[in-house]
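Shared between the two complexes below is chain A, which has chain B as its partner in the first and chain C in the second.
Take a look at the complex of A and B:
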């Protein structure tokens, strides 16, 4: 299958006064055309840093992509000069963020903002760009799109702002859409609409989607493939069905088992003991060993590789995924 | 009864113009009635802006309600002065959503937890505070540290210890786990349930996450734009939701099984503004089963089966 995005052994570190934070430390994932990859994990696992690395939006200093390769539609992203990156962002790959409240500029109308995005990347005239903007606002379900163009962000609700962000992100038909917790700040009934919208537009344009979320329900609804991250690494990845029906890694298991809806009412919930380690002090060996109920001696010193456990389903665990590799 | 709330209304004035004249009211809570028994957990659910947090703030009297009554252990506290309320605050406490914003960063954990004890004129020594910290799963030595040294889950434990310090019998938990990661959520939910069993607490559990509410609550109240739409024992509500809004809420939650994708069925439109709610049923503008009658006048609550009440003409 044609891969739109291919990330190989990405390492993004932050050089802080307190030491090196290895926020992303050897991540390899890929997304094909018309496919959705769900990147799951708890806060601080490196999922957002992975996304920002693709667009080279890591604040530097202190951050730096120290190693790895990112290929986007055949282009080697990490070797491009900064000037060319401007062409990539918004046109080849665009991103929507968790907070639609802060991602729009409050002093410009939404029309101005979308038209600007279109004109920067194309040689369209104002009238033509306005047409595209109106078309996409109507596609994302903004009522009276032509009139809404002259509205300011504060005049819209959170759900409507997120729709504007999606219109802006998709109006140039990017090959890749990165959606970083796109519905976390929204109510469930609004969330359903936004997710549906992303799916419908994907069906229309064939955009590859990298969906970042901590919500396993959203992954189940949206993703074709899933990668579970913990402490800067992918610990398990594979087809969505296979991950949900037969997860292997003890961390993935813990995530699923601690969901209240999976247990009987009032039954004590399963918990993963301890807390996520700081990126400055990831434990040696398997990074999950400090919280893992199955950890053996080997886990404390040697890092488990990602190995195949089923077709396309990979897991990094000495205990569950064999110690042969 | 631990708590009985009757026809509670909380209107916030909208001030406009040079003279700050009142131009209207945001009817955040508009005639809410419910009760909570001893040792019971009532879940209060709804989307942002439905008034669930305002209900919580009125009950602990951080707000003075516009009208209605709040009986706490059979005494009406809705009109009490701050001085008179002090006695009640020993018995009811609140745990907030944001474990980052609700703890003073300049105070040590001991002084945060001990402050309530001091105000109530109780002993607030190292021993008392240490015991409280252990009750919520922290260690005694944590008392000398500052909030920023703790993770979100641990901070929520500090918030719970602070609430428990004065020995309440009733706890309001306002979205206590929604800022936390799933694995940490489970720890806090377990802690709350353990505390409820050992200290025989009653809970008003305010949340938008239905799976959490389903797990912890005995009964559930569903709110929409200041009004109660449905109230029912938890299991019955999840088995047979009656109100079209409750239906819509439930079907908006993605299922956890990719093999059973239903495709999401989003509700059309957006909630109306609580400053200018439409006449009749407030859900009418988005309801798939709306009729002309829904927009005419106030809809009365109907008791469909024992303790299962719904505000919808379909059942009238």
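Take a look at the complex of A and C:
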């Protein structure tokens, strides 16, 4: 299948006063046309940094992509000059952010902002851009789109703002949509609507979606493939069904066990003990061994490779995925 | 329906009666300044073309007896056909010039001094403040160094030195005041730009492919503009008063330009002889304009500053 986005061995490090923070350290994932990849993991495991690396929006200094290759629609992103990169952002790949409340500029009407998004990349006239903007506002389910064009962000609710952000992100039919926790800041009742909207628009435009979240429920609903990240690395990846039916990595297991259960009402919620280690001081060997209930001696010294456990299902664990590789 | 921040701000100001009356007074003064800026088409009797403004044509009186008290009838020519011209409502000064006329001539100067330096300062402050806040790093270091050096030199000393080099004059004074007064605003804008640039909407705009220049001037600048507007209106009164002070110590506008500072300077020798109208004329005008501007600027700041905004 044609891969829209292919990340190979991406390493994004932050050079801080206290040392090098290896926020993303050897991540390889890919997304095909019309497919959705869910990137799951706890806070601080490098999901967002991976996303920002794709658009080369890592604040630099201190951040730097030190190694790896990112191919987006056949273009080698990391070797492009900044000027061409600007053309790609918003046109070939666009992004929706976690905080819809602050993602729109408060001093402009939403119409102005969508029209600007269109006109940055095309040589359309104002009237033409306005038409596209109105069209997309109605597509994302904004009531009375023509009138809403003259509204200011503070007059919209969070869900509406996120819809506007989606309209802005999709109005140029990008090949890749990066959604960084698109529903985390929204009410649960709004979440489903937003997710459905993303899915519908994806079906319509064939956009590849990279969905970043920590919510396994969202992944189950949206994703075709899943990559579970821990401490800057992908520890398990594969087709959504395969992961949900037979997860292998103890970290993935921990994530699933931490979900509240509908059947056992009084059960205390499971937690994975400890926190994600600081990116400045990752433990040697398997990075999860400090919190892993199954850890053996080998885990403390040697890093497990990603190996196939099933067709397309890969996992990096000495205990569960064997040490054959 | 949809209201812009500006419309909301105007609505807020309208609710404040003091601010509205302040605004009316400012408009009245601005009208006088305007009259003093358009040239009068009338030719003089002698056939010589004078550069006179409409204000001059309306109010200028013949030179008369020095130090006539207020309400004196015009003496030498004793014209009665035009009531306004037939009396010296505020008396005359040491040269026999009408005090009211001089005070009115000071309005235009006050407006120029109150606005032009602020605009010059705002220009420097916006460019340097935005660059420093947005780029950070060595750009920030250099700009901070420049304004720290500048602000460590006593302002009045710098002003005197600049005016010595450029010669005295209204526009030179504006330039000197502008160049010496941008530091405060620059600091404010730098801080605000630093805050705004890390907002998600800036990152979102960048993710949509906006260039640095577009981000700076289209996305960040409108978000810090309220600071500039507030600063310009708040500075107005202090600039007008500083003109009076600078002229008083002899480095203000050159003779011949209407100036309340000059009138006050003259008055310090006249008061002993109980000639109070020169000082009173200038002070009342100065006081009225500054008070009106302060009332208005206060309301404007309340209306524009997001930190003071309720709800």
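In this section, the second predicted complex is superposed on the first by the 322 of 325 C-alpha atoms of A that agree within 3 Å, B and C clash if a C-alpha of one lies under 4 Å from a C-alpha of the other, contacts with A are read in each partner's own complex, and residues count from 1 in each chain.
Going forward, a residue touches a chain if its C-beta (ideal position, glycine included) is under 8 Å from a C-beta of that chain, and two chains touch if they have at least 3 such contacts.
All figures in this text were calculated on a predicted structure; none of them were measured in a lab.
When both complexes are overlaid on chain A, the residue A:104 reaches chain C alone and has no touch with chain B. Legend: residue contacts after superposition of the two complexes on their common chain; A:165 is shown touching chain C, with no touch to chain B. When the shared chain is aligned, no partner comes close enough to touch A:311: not chain B, not chain C.
In the superposed model, more residues of chain A are touched by B than by the other of chain B and chain C. By the touch criterion stated above, A:187 is placed in contact with chain B alone, chain C being left untouched.
Once the two complexes are overlaid on the shared chain, A:79 sits clear of chain B and of chain C alike. After overlaying the two complexes on the shared chain, residue contacts for A:91 are found with chain C alone; chain B is out of touch.
Touching chain C in their complex are the following residues of chain A: 55, 57, 61, 86-91, 94-95, 97-99, 102-109, 116-117, 120-121, 147, 150-152, 155, 165, 168-169. On chain B, the positions that touch chain A within their shared complex are 47-48, 151, 153-154, 181-187, 189-190, 193, 208, 210-212, 214-216, 234-235, 248-249, 251-259, 261, 263-267, 270. Interface residues of chain A facing chain B in the complex, by the touch rule stated above, are 42-43, 157, 159-160, 187-193, 195-196, 214-223, 240-241, 244-245, 254-255, 258-263, 265-266, 268-272, 275-276. Of all residues in chain C, only 1-5, 137, 199-211, 214, 218-219, 222-223 touch chain A in the complex they form.
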